Structures are given as C-alpha cells and as structure tokens.
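Below are two complexes that have chain A in common, paired first with chain B and then with chain C.
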Partner chain A sequence: MISVKLPKKDIMIYALPIVGVLLFWYILATIFYSEVLPTPLNVIRKIGYLLTHEVADKTLYRHVGRSLFRMVTGLVIGISLGVPLGIFMGWNRYFESAIKPLFETFRMIPSLAWIPLSVLFFGTSELGKIFIISIAAFPPSVLNSWRGVRLVDPDMVTAAKILGAKDLTIMKSVVLPAALPSIFAGVQYAVSISWMCILAAELVAAGEGLGFLTFYGMEIPDTSLIAAGMLIIGVVGFTISQILRYLERVIAPWK
Partner chain B sequence: MKKTTLLTILSPILFLFIWQLLRWFNIINPYYIPGPSDLIHTFIFKLFSTKPDGSTLLQHTFSSLMTSLTGFLLAVGVGVPLGLFMGWKKTIDKAVRPIFDVFRQIPSPSWIPFSILWFGIGVFQRGFIVWQSAFVPAVINSYYGIRNVDEVYVNVARVFGFSENEIFRKVYVPASLPQVFTGVVTAYGISWFVLAAAEMLAATDGLAYMIWTASRLGRSDLIVLGMLLIGFIGAGLTTVIRRVERYFTKYETVR
Partner chain C sequence: MSRKIEIGNLSKSFTSRSGSVQVLKEISFEVFEKEFLVILGPGGCGKTTLLKIIVGELGFDEGRVNIRGGKNIGFVFQSFSIFPWMTVHQNVEFGLKMRNVPEQERREITSKYIDLVGLKGFEGYYPKQISGGMKQRVGIARMLAISPEIMLMDNPFGHLDAQTKYHLEEELLRIWDAERKTVVFVTNDIEEAIFLADRIILLSKLPAEIKEQFEVSFQRRGPNGELLRRSRTGDKFLKLRKTLTEVF
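Entry: the complex of A and B
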C-alpha cells in the first residue's frame, strides 16, 4: 500500500485527492453547523487539546492504553485457547468430527451478540470486555490452525514416520512449521476482528477507552471530539496492522 | 455408517443432553445460563408475546433483516461497480484510491456516533451503518479481483480485436467474479456484526435490541435464544449468497 520509494510526482498524485476531500469537508463543515460536522481545523485543534488535557477524567494515553490492554489480554486468552484446539482438530480425525458441529454453531454467533451475556456475567467490569475479545479471537485462531494442520502435505508426515519419528517429533518439526503461516494468518485476522470488536464493545458499555471517547463525544455533544477519536482509532489500527506485517516476515519468512 | 459421521451426529446430542442434565440438577444457575428446555419454552412464548420489549420475535427478526438487507444491497450495488471501475480505469483508481486507503483504516463501529448525530436514531441511521460497513470490503475485493486478472487473458482478447469495453465485460468481470463474491460474503458478515452493535446502542426493535433489553432485565433465556437466532440468520444468508455465487461462477468448477 504505502511503499517506501515513492517518486515525487507520485506523491503529488497521491496527495491531490486527499487535499480535495479535505477542501470538500471544509466547505461542507462551514455550510452546516459545527454540531453536525466539525471543520478539519477544529479536529486537528481537538487532537492537540487531547494530547495535553484530560477528557472524561482520563488522559488520551490512558484511553488508548485501556483499549489496547483489553484487546491484548483478550487476544492472548482467545488465541491460546483456540490455536491448540485447532491444531488438535487438524491432527485427530475423531476429535475433529466430534467438535466440528459444536464449533460451527459457536462460530455462527457474531462476537458482539455476546455483549448482553457478558454484561449479565460480569457487569460492566473489565472482565466483560476481555471476555468479548477472547470470544472474538477464538474462531479465527481455531479455524486457521485447523486448516493449516489439515493441509500439511501427508507425504511429509509419512516420510517422517518411515524415518522413525515419534508423533510428538512429527508434530514439532514437520506439522507445526508447515502450518505456521496459516496459523499466523489466523492470528492476524483475530487481531483485526478484535480491534473492531473492542471499539464496538466500548461504545455499548464502558467508562474509558477509545470507543468510549467517541461515544462521549456524541453524548456531550462535541463533533470534533468524535472525529478526533475516529482519526486516532484509524492511526492506532494502522500501526497495529503494520506491526503485524513486520512480525509475519520475522516469524514465517518461508511463506 | 462411518465412525466420523456417527461422532458428528452424536456429539451435539450428547452436548445438549449434558447441558439439560446440568439444568435439571440445578448445577448451573438458570439466572446466568438457561437450559435447552428453557430456550424452547421461551421461543414458543416469544413468538406470540410482545413482553418484555414491545415486539414479538418475528417483528424483531423482520426489523433486523430489513435494515441489514437494504443497507447491504445498496452497498454492494454501489461498491462492486466502483471497485471494478477502480481496477479497470487507472485514472479513477488514482483519484479514489488514496481516499479509500484513509477511510478503510477507520473501523465501521466508530461511525455509529456520527450516524446518530446525522440521521437521529432510527431505521435510516442503522441502514447507513450497515451500508458503510459493507461498502468497504465490497469495493476492495472487487478492485483486487480486477487487478489479479491474468494479463494473458487480456492480451489474447486484444489480439482478437476486442474493444476495451468488450474486454471489460467479457474478460475482466467474469474472471474477477470469485474474488468479488468473496468480498460480498465478507461484506455481509461485517455488516451483520456491526448492525448488532448499532441496535444495542440505539434502537427500539431488532434482535440485538431484544437481547440487550433482556440483559438489563436479567433474562438469560431470551439472550441466548436471540444469540442463536442472530447466528442462524447470519449463517443462512451467507449460504444464500454462496448459492448465488455458484450460479454466477459455474465455469469455475470446470477448472
């Protein structure tokens, strides 16, 4: 998407439409009231304000930190439950056929539909959000590990067996490395889903976090706060996806 | 019968049976987790009763379905052609792509506050959210669908004297259809997911509204029933889209 070596002319062509949209936005914002649409300038000013002042009794860093903390904790739980289950489902045919119908039913339910139940279980505490993220991260981790292990070339496994490798050795040095790219793709998908999920969960029920920040902007109402929150959400999300791309190259370079 | 098939049939039955046993012996608290028998009872009751949230089950389902289908069809109707043209015409691509790269970094749930301020709470606002969340994947996948078309096909068509319009209609579009449909399925999944958030945050009917109200009233039976329904409907519609895809891409199976 964004390559490092962009010639000067290309940067111009790339920047032109964005400038056009900003202008269009500015004109629209001056026509409408600021209660409907803030001007781009106000939004930038708001971001500057957010960097130095507290909103809803918390600094911006705390809001970002909260969202990330919930996301990472939930992800770790969901992935560390999902990946082993998926690997085992790919490994053992009987286990697979027993778990498959239950998993497929579970997978159908969108993770956000778990919010009411999580509120019933945990109230609006931190655990509730972590629960939602774990549930959101679980299906993609299972699915990709399962498929990854299933699609390992059976000849390679047979070859290892003929050479006298034990099941555990085959798992460790044949199946896992072959399935790793697929597992990592699952993790990547889990991260992007859970990022969307934490924002939605914070919109519906939370007292801090980035999703709450935009919700708070709607309540006051302060449209420049909403827009600033959305921009920050975009930047954080973009950073996360870039980090993941880098990790992918480090973890599974043979992909 | 094969052992694996038997397991696939037996395991859900066993699961339901143990679940019901746990409920009978009051090992699980029905305030938090209802038993299967409670679900059946609530389902039949809710078909005719408007308690406790003002609409029967069918009315909620109808409301969610209408919002979701309208927004989704509008998004696909605009998004797929736009994506196809972006992939085909370099000038449109250059003008629209940068704006797109910025907008797609912002997850759909964070548009909810603005949608409420712009359209007020109602069908129109939820339709906008659904439209917005389905639009991005529809465009991106159609765009990459065209971009990934093998140049050889295009060159062959050119050699045989096809006009550029004919190449677009007879080469680009058919060859990109599988990826376009991948985008359409993703779009539906995401929009169904985001609709749940929108309905919980601000609505007066819809399945997610139903389970959100049930959560406030401590009606776990109604919550789980609603979750299952949301899951089944989403999966059912995905199957319908897959059927449509198979109808349009018959040639894919020949390969």
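Entry: the complex of A and C
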C-alpha cells in the first residue's frame, strides 16, 4: 500500500482523492471479479506491457504520436479558420448579425454527427480523422475570439483613437491584445475538446492511435487494454492542458 | 483672454428601443485659453457626453462646437483606460508612436512626463502592478505626452480614495500651471470643483442645462502671479461650498 504519512499537506490534498478512487475501484473490481472490470493493478500491468510490447504491430509511442499528430493538424485547421472568423464577427456588427444564426446552428451539431459524412467524403483516409478534429476545434475558437473582441472596453478604443491611432493600428495594437486572453482561452478549450474527440475520430477504420487502441480492446476483448487506453488519453490530455497553462503566462504576462 | 472652445445651443438626444432621451439641452458656454474650467453636475447628467462631443467622438443634434487654434486634444478617463498589456513607459509613449515621432525624441518626451507625474522608477511596471492613483498618473502622462492644447478630464479621480484624490488634485494644478494648458474638468464632487476651478459651470439633472456659473478667483494667484493653494477649510471655500450645495 501507498504510505499515508506524507511530509507535506498539499501532497496529501492531491494524493488522497487518487488513493480513494483507486481503492474504491479495487474493491469494486474484487466484488464483481470478472472479465468486465479489471483491477487497477491489471491496468497498470497492462500499461507496463504496452510500454515494452507492440500492440497491433505498433508501439505505444507510435499510437500516442499518431493521435497527437491528428489532433494538432486538425486543431491548426480549426483554429486558423475559427479565430479570424470570430475576430471579424466581434469587430463588425453587420457581419456578426449575418453569421450568427448560421454559426449558432453549426455549433450545436456534435462532432460525432459528422462521422458519416466524413466517411463518405474522405473514406477511411487520414483526412477524415483530421476533418472530425477540425470540426470539434472550430466552435470554441470562434466563440471566444468573437466575445473577446466584442467585450473590449470601448473607452480603451476611444483612448487610442484620441491618441491618434487609425483603424488598422487600433485593431493591431489595442483590440487584439485586449482580446488575446479570451482568444487564448478559446484555443485552450479547442485543444481539450479536440483531444476528447480523438476517440470519435479514430472510431472508423483506424489502424493506430489511442482511440483505436481503446476500441481494439473492445474487439479482442481485453478490458485492461480499454481502461489503459482511457487512462493514457486522460493523462496525455492533462499534460497538454498544463503546458498550455504555462504558455498562457508567457503569452500574456500582464494578466 | 482669447477663447479656445465655443459651444452654442448644443443639444443631444440618444435614441434606443425604449424611446428617445434628451441628454443635453441648449448648452452654451466658452472656455478661455489656459483656463481651468470645471463642469459640475450630478451623476449621469450628460457630462461625459459633452466631453465626447468636444473631442469629436460623438455627434450632436443641434448647435455648434468650435475649437480655436490647434485641434490637439487630450483626454483622461474616469476608468483610466490605460493599456494593461503595455508597461508604464509604453503607455505614455503610445500617442507619440502614433505620431511617428523619432525614437530618440520619443524617449526623451516620455521620460519627461513620467517624471512630471512622479512615476520615475516605475517605467517597466505593468498597470496591474501599480495602484489606482498611479494608473491615473499614467493616464495623465499619456495625455500630456502628445502636448495637447486642451485637456479634457472626465471625472479622473472619481475612482480614487479621498487621500489619493486630494494629493492628485494638487499635482494636477501644479502640472496645469507648469504646462499652461486649457482644462475642461468634469466632476460630481463640489469640493473638488472649488479646489481646482477658475470657473465652475453647474449643470442640472437630465436633460442637462446650465443652471449657474461661478467665478472662483480667491486664493488663486499670488502677487507675482504664482499659483496659490486654496485652503479647503478657509472661509471663502466653505461659503462657496455652502452656496453650491444648496443649488446642486
């Protein structure tokens, strides 16, 4: 068992819930001992196995790398379309009213619902998976950029105007920096959403990736593999979000 | 004394879904060169609207607004409105950059005004790292850097605590005297108005009309033209305060 006597109080704060959940899971798995629910120990052993053995002819690193590649590519596409659109919606009232109903409808369609179309469009190619991720990353990018620009303090814009700034300069040196924290929050949100969609993206005809690995566990079937896949998705996602939090401090040090 | 700003029969209404509200009603006054004019009125009486019309940010329905001489106008906001992503130095420098002032000159002017408002040593700080009073000093320095002939100040000390406010009022008079500017200062604080003004224009509630004007000439200049500091507890001060309180 893990020792409960830890030197620091804050370590306890993080460790206790984790230990609690593991314990609860362990008890549950012992009571319903079956193929259905693996114990935490099984899953950890499975992760250890994955680190040293290939599954479906690929190493774990290859699976993680492939999923990350899909996410990043889709994300870049979704963000580079979404952020400019959002900024323009916040900047121009007419454009905003024209686009708003369309966008509000679009963002209510879950990215899972795009899978059938994606299969018809792109077949089982890599593009289809990237497409799904782009669709997922798009709405939060638009939404936060739009609100960020819309909520820039009008007095700040007036101040810049009185000081002699022209429209383009106001956009570049006042509106964008003022909206940047909100835009970045949108990007952060887009990152987590698109990572969470990795499973959906790899649902159809994938041969590698963390989503594939998890579904593969269902096909074999191997519940430890399913749980290990889920756990790795969670841990990788957590790591990405921590890196982004750090980046936020670098990008907007004045906050 | 020459006139710097002339405003005649100025009226302005705002129209919204719930109807039209008249904000300014036939306002007429002038501001003389190097004068410190205070516009005093209750909250939400259209004082800010008036300033934004003078600076050209808002249009108006009727009347006329004439600015004589250079149209270089500076503005100080109640909410400071300094740029949070820029350091103190970058904030003060902003207007000069917009005017394409060469770098060397820009640096000199910027540090001159940072000095003048007493912020030397804080050039590299971001707004969130300094107090409210210091933020408004940045706002004032940022305005002064573009050497405006007219300074419009929209209740600039309204968000500050009493002590900081007193202190900045004195500093402002010192700066005004040193820089020889025309000032239009808006406030809802009677004591502040008396402490600062050469002249006070009292506005009514909406729609704002000019109720009365007061020349405030006591304890302003010494025998050699030097600026005096009005005593807030002197007889004349208290007497005017009483009068203004009664008609406010």
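Rule of thumb we're sticking to: the second predicted complex is superposed on the first by the 219 of 255 C-alpha atoms of A that agree within 3 Å, B and C clash if a C-alpha of one lies under 4 Å from a C-alpha of the other, contacts with A are read in each partner's own complex, and residues count from 1 in each chain.
What we mean here is this: contacts are C-beta pairs under 8 Å (C-beta built on N, C-alpha and C of every residue); 3 or more make two chains touch, one makes a residue touch a chain.
Just so it is clear, the structure is predicted and the values come from calculations on it, not from any experiment.
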Next item on the list: Sticking to the clash and touch definitions up top, decide whether chain B and chain C on chain A clash or fit.
Entry: fit
Check: Taking the superposition as given, does A:169 touch the first partner, chain B, the second, chain C, both, or neither?
Finding: second
Next item on the list: Determine, under the contact definition given at the top, whether A:229 touches first (chain B), second (chain C), both, or neither.
Entry: first
Margin query: Using C-alpha centres only, what angle sits at chain A with arms pointing to chain B and chain C? Round to the nearest 10 degrees.
Written below: 90
Note to self: Which partner chains sit in contact with A:93 here, chain B, chain C, both or neither? Use first/second/both/neither.
What the structure shows: first
Notebook entry, point to check: After lining up the shared chain so the two structures overlap, which partner does A:177 touch, if you call chain B first and chain C second: first, second, both or neither?
Noted result: second
Next item on the list: Classify the contacts of A:160 with the two partner chains as first (chain B alone), second (chain C alone), both, or neither.
Entry: second
Margin query: Looking only at chain A, is it chain B or chain C that touches more of its residues?
Written below: B
Next item on the list: May I ask you to decide whether A:185 touches chain B, chain C, both, or neither, giving the answer as first, second, both or neither?
Entry: neither
Checklist line | chain B and chain C, minimum CA distance [Å, superposed model] | finding: 11
Next item on the list: Spell out the part of chain A that touches chain C in their complex, as residue ranges.
Entry: 153, 155-156, 158-165, 169, 173-174, 177-178, 180, 252-255
Margin query: Show me the residue ranges of chain B that touch chain A in the complex, using the header's touch definition.
Written below: 3-5, 7-12, 15, 32, 94-99, 101-102, 105-114, 116-118, 190, 192-194, 196-197, 200-201, 208, 211-212, 214-215, 218, 220, 223-224, 226-228, 230-232, 234-235
Margin query: Which residues of chain A touch chain B once you look at their complex with the stated criterion?
Written below: 1-2, 13-15, 17-18, 21, 35-36, 93-94, 96-102, 105, 108-117, 119-121, 195-196, 199-200, 203-204, 211, 214-215, 217-218, 221, 223, 226-227, 229-231, 233-235, 237-238
Next item on the list: Going by the contact rule at the top, pick out the chain C residues touching chain A in the complex.
Entry: 52, 55, 57, 73-75, 77, 79, 81-86, 94-95, 98-99, 126-128, 142, 146
